[in-house]
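Here the chain labels run A, B and C in written order, and each chain numbers its own residues starting at 1.
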Amino acid sequence: MTDTTHPAPKPKRTKNLGAALILKKSLLSAFVALVLFSLMIGIRTEAGPTGQLIYWTRFGDLAIMVVLVFAGSILTELLRQWLAARHPAPILPARAKQSLSTLSRLFVPLLLIFAVLVPVIFYKQRYMLDLGILVLTYVMLGWGLNIVVGLAGLLDLGYVAFYAVGAYSYALLSTTFGLSFWICLPLAGILAAFWGMLLGFPVLRLRGDYLAIVTLAFGEIIRLVLLNWQNVTGGPNGISGIPRPTLFGIPLTPGESGLAAHLGIPFSPTHRLVLLFYIILALALLTNWVAIRLRRLPIGRAWEALREDEIACRSLGINTTTTKLTAFATGAMFAGFAGAFFATRQGFISPESFSFQESALVLAIVVLGGMGSQLGVVLSALALIGGFELFRDFEQFRMLAFGGAMVLLMIWRPRGLIAHREPSLFLATRTRVSSDLVKEGR
Amino acid sequence: MDYFAQQLINGLVLGSIYGLIAIGYTMVYGIVGMINFAHGDIFMIGGFIALISFLVLVSFGITAVPVVLLLVVLVAMATTALYGWTVERIAYRPLRHSFRLAPMLSAIGMSFVLSNFSQVAQGARVKPVPPIITGGYTLLESNGFVVRLSNIQIIVVLTTVVLLGIFSWMVTRTRLGRDMRACEQDQTMAALLGVDVDRTISMTFVIGAALAAVAGMMYLLYYGVVDFYMGFVAGIKAFTAAVLGGIGSLPGAMLGGLAIGLIETLWSAYFSSEYKDVAAFSILIIVLIFMPTGLLGRPEVEKV
Amino acid sequence: MSTSGPILDVQHLSMRFGGIVAVNDLSFEAERGQITALIGPNGAGKTTVFNCITGFYKPTTGMLRLIHQNGREFLLERLLDYRVSKVAKVARTFQNIRLFSGMTALENLMVAQHNSLMRASGFSLLGLFGAPTFHTAERQAIERARHWLDRIGLTARADDAAGNLPYGDQRRLEIARAMCAEPVLLCLDEPAAGLNAREGEALSELLLSIRKDHGTSILLIEHDMSVVMEIADRIVVLDYGVKIAEGTSREIRDDPKVIAAYLGTDEKSAIEVMEQDA
């Protein structure tokens, strides 16, 4: 690949602050931290035994936090200076870059093989299988949202709404009408796509930020309706007893009618996990395949052109309204599929699983991966969901760390991990477009 | 009729609180063109700071109501303003010239940080306070229904009016206000003319945070509780108010706030209280679809 | 079935923005197969006229009649913006270049052929499953793109991001992109802006060859008088939203009203200056 379009990094010019100045800055930061944390950390309130409010002091914790901020501030300054000094020299010599690019071409197929073999490798570890299923679910959601946000540049902060539609559709259809997972899966997608068009039609002409908050509001409305419409959705208790998927109609149960009996192997609950894993892998790969193919078709190119300059699109005869709707509905459809899968995997769903946090998480996966990049979504899903799971024990600090990570990552690499775009067709040479040139939508 | 009158009063009071928060949204959007997703959580922090200050002051024996209120307001405004300043410095300023999604994601991240910070720092449980300001006036009594105007309601509305007055004066008469308006119009030109754009933007966030702090304290006094999640919902409603009034317009933000407060209270009173949030969010969608410039906003013509 | 006669008939076009009248009762005709130039001092309303013609503004009053070779007529003021290009076949370029900067030159030209390709791909369904009709259509589209890249001399940079191209190349690419949409009327908004003398000549050559080889009618806003005088068959002069003169390049050059408008003086002083000159 000829990297003809990536500009050489310019040397960064930052002020090399002297030690005294660093000290002053850090002291200032520590003082600010002191004021900010004095009441929130220094004092801990709680509803007392008789219902009135009591408090106790935690000056020790406060002191620790202030010292941490002070030290951290010094470290960040030093780090910044060190990085700035190193920047002019390229980090990797040309030859290393060459071999790295050969590696990167092998990376994707290797990753795919690894993914297929995960149930074999981790057969004994249910936890890892579960984690794999979770990561793949988010990868699929990320690839779906990528179509809306990454390709078409439409800011969707309510993606979870379509996820919920898919999940509740399957749950209700299966518990009320007894339809199997395989029949409900396409139905869930169609319903979600339908909702996507319904929501999209009035709001897609809004400008970026407004579209974001409208979709956020819509996501919240869906969650509140699910929470309060007890008769249909079961309210906060949700819907339970959702049937698990069958393989060609054969259930995965221990009895004689079960798959294990059919295959003549001893039953194990892990079988279901393996089946679920391959189902989500297949669904995710389907999402990926469709996304990649659509990108090479005129519709995909129109999506990207829409992201770049909507007015130019209109001047070229492209009906931007239907183009946006297609992107929105397609993304919604994949969220619907993922939702149906989620329902069948859990056996039980409730509105709690469909909060704004989910939408934000999927959006973070897409943006962090590098908008429009399929591989980027995989990498960032692995990092974020994997990281999330690692911190499972620190329940309280998890979301805090996640929020902080989002801020830091945006400051460090606003364009995401894969900071370039691959054109969808070439005349002569394969090139890459640096993300600095790529617009992000209106 | 009396029921309606009572709901009217309640709605206007709630609306004042929303209006104070909405001003922060509209100011920031006007000057840097971004929706400050963390602003609702700043409001929540303000409420918490007010709560904690109350506790500490009362435990030190300062119980004279006006003194306590004044001290709490000052502490809450100052501390929360510092929160607002810090958020801008850390999460938004480095991304000011980046592409659009970066500050938005940063803001969402900051929102998570703030709400979870207060959850971690103060525990997830709701914090109740006994009513600090009690008493009120009976406006009229008929058919056994009493229309009451409580003292706290009067205080909320009065404070809002006073703050609005100070604030409008500041925007139109002071140097800072002029700098803000200049930056809203054309940042580059304002910088070339000697306006300290960084400082002006910081001050915008600071003032917005201070007003949100007052709103937080009012919320605490009025409803008697704070919880770490109140920022998210109130934030969306306040942003709805800002949009309804016309984004970028200060009187519009207040007007929008009052409207949302009224709609929410009346909906809750006459239809169902479970779906009152749905009503408020639906308003946002409806306004943006049919009236994107809001009541008092200026229509934007896109240059082709 | 008129093959002669105007391609564009603008009648009593007015555009008001609130209290400001940008275009006031403008009427003119653009002849088929000719290059018509719209000139005038800054703020005369030229881009506003363009935006009305190309569907981005809805005129306050007036009629914009586009007549195809086969006699089919379109009222441009009634068409939705994208339909002006799709159905009426009017393409345009922009004063501030609006290329898809994150996409390659080739991709830019492919986007312009979106509508025919969409049909061939069966609105994506046929294309999704690899139908041969789509492959053929795509190959043809790539050929057309290549033809234009050769015309503007950018074949070697076909796979470079449009945003990375030098300014002059970007301008030419935007014109090529408009031509890939196969328009009958090409509207160019200041195509020579920012070009040096040599590039300006190349532009003139390109436009003349477009007129000759494709028979495309061209409507052009321009400030660069050398380009205008060289290629325009007919010139319409605007000032403060009003047509003050119309004619061939020779007639316009000697028109005192036009000179006065550009000098910012009144007609009488312009005539004095001209008489002194002569």
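We adopt the following convention: a residue touches a chain if its C-beta (ideal position, glycine included) is under 8 Å from a C-beta of that chain, and two chains touch if they have at least 3 such contacts.
Quick caveat: nothing in here was measured; it's all calculated off a predicted structure.
With centres defined by CA atoms alone, the chain at the far end from chain A is C. Relative to the centroid of all protein Cα atoms, the closest per-chain Cα centroid is that of A. One finds 30 Å separating the Cα centroids of chain A and chain B. Taking the mean of the C-alpha atoms as each chain's centre, chain B and chain C sit 49 Å apart.
Put simply, the C-alpha centre of chain A and that of chain C have 44 angstrom between them. Those residues of chain B in touch with two or more other chains are numbered 304.
Touching two or more other chains at once are residues 311, 439 of chain A. In chain C, 56, 94 are the positions where the chain touches two or more neighbouring chains simultaneously. Against chain A, the residues of chain B that register as touching in their complex are 29, 33-35, 45, 48-49, 51-53, 55-56, 59, 75, 79, 82-83, 86, 90-91, 94-95, 98-106, 108-114, 116-123, 125-130, 232, 236, 239-240, 243, 274-275, 277-278, 281-282, 284-285, 288-289, 292, 302, 304. On the side of chain C, the complex with chain A involves touching residues 54-56, 81-87, 91-92, 94, 98-104, 106-107, 110-115, 117-118, 121, 123-124, 127-128, 134, 142, 145-146, 149, 155, 158-161, 163-164, 177-178, 181. Those residues of chain A whose C-beta lies close enough to touch chain B in the complex are 32, 35-36, 38-41, 43-47, 51-53, 55, 149, 155, 202-203, 206, 208-210, 212-214, 216-218, 220-221, 224-225, 228, 311, 356-357, 360, 363-364, 367, 371, 396-397, 399-400, 402-407, 410-411, 414-415, 439-441. For chain A in complex with chain C, the touching residues are 4-5, 290, 293-294, 297-299, 301-302, 304-305, 307-309, 311-320, 326, 421, 423-431, 433-435, 437-439.
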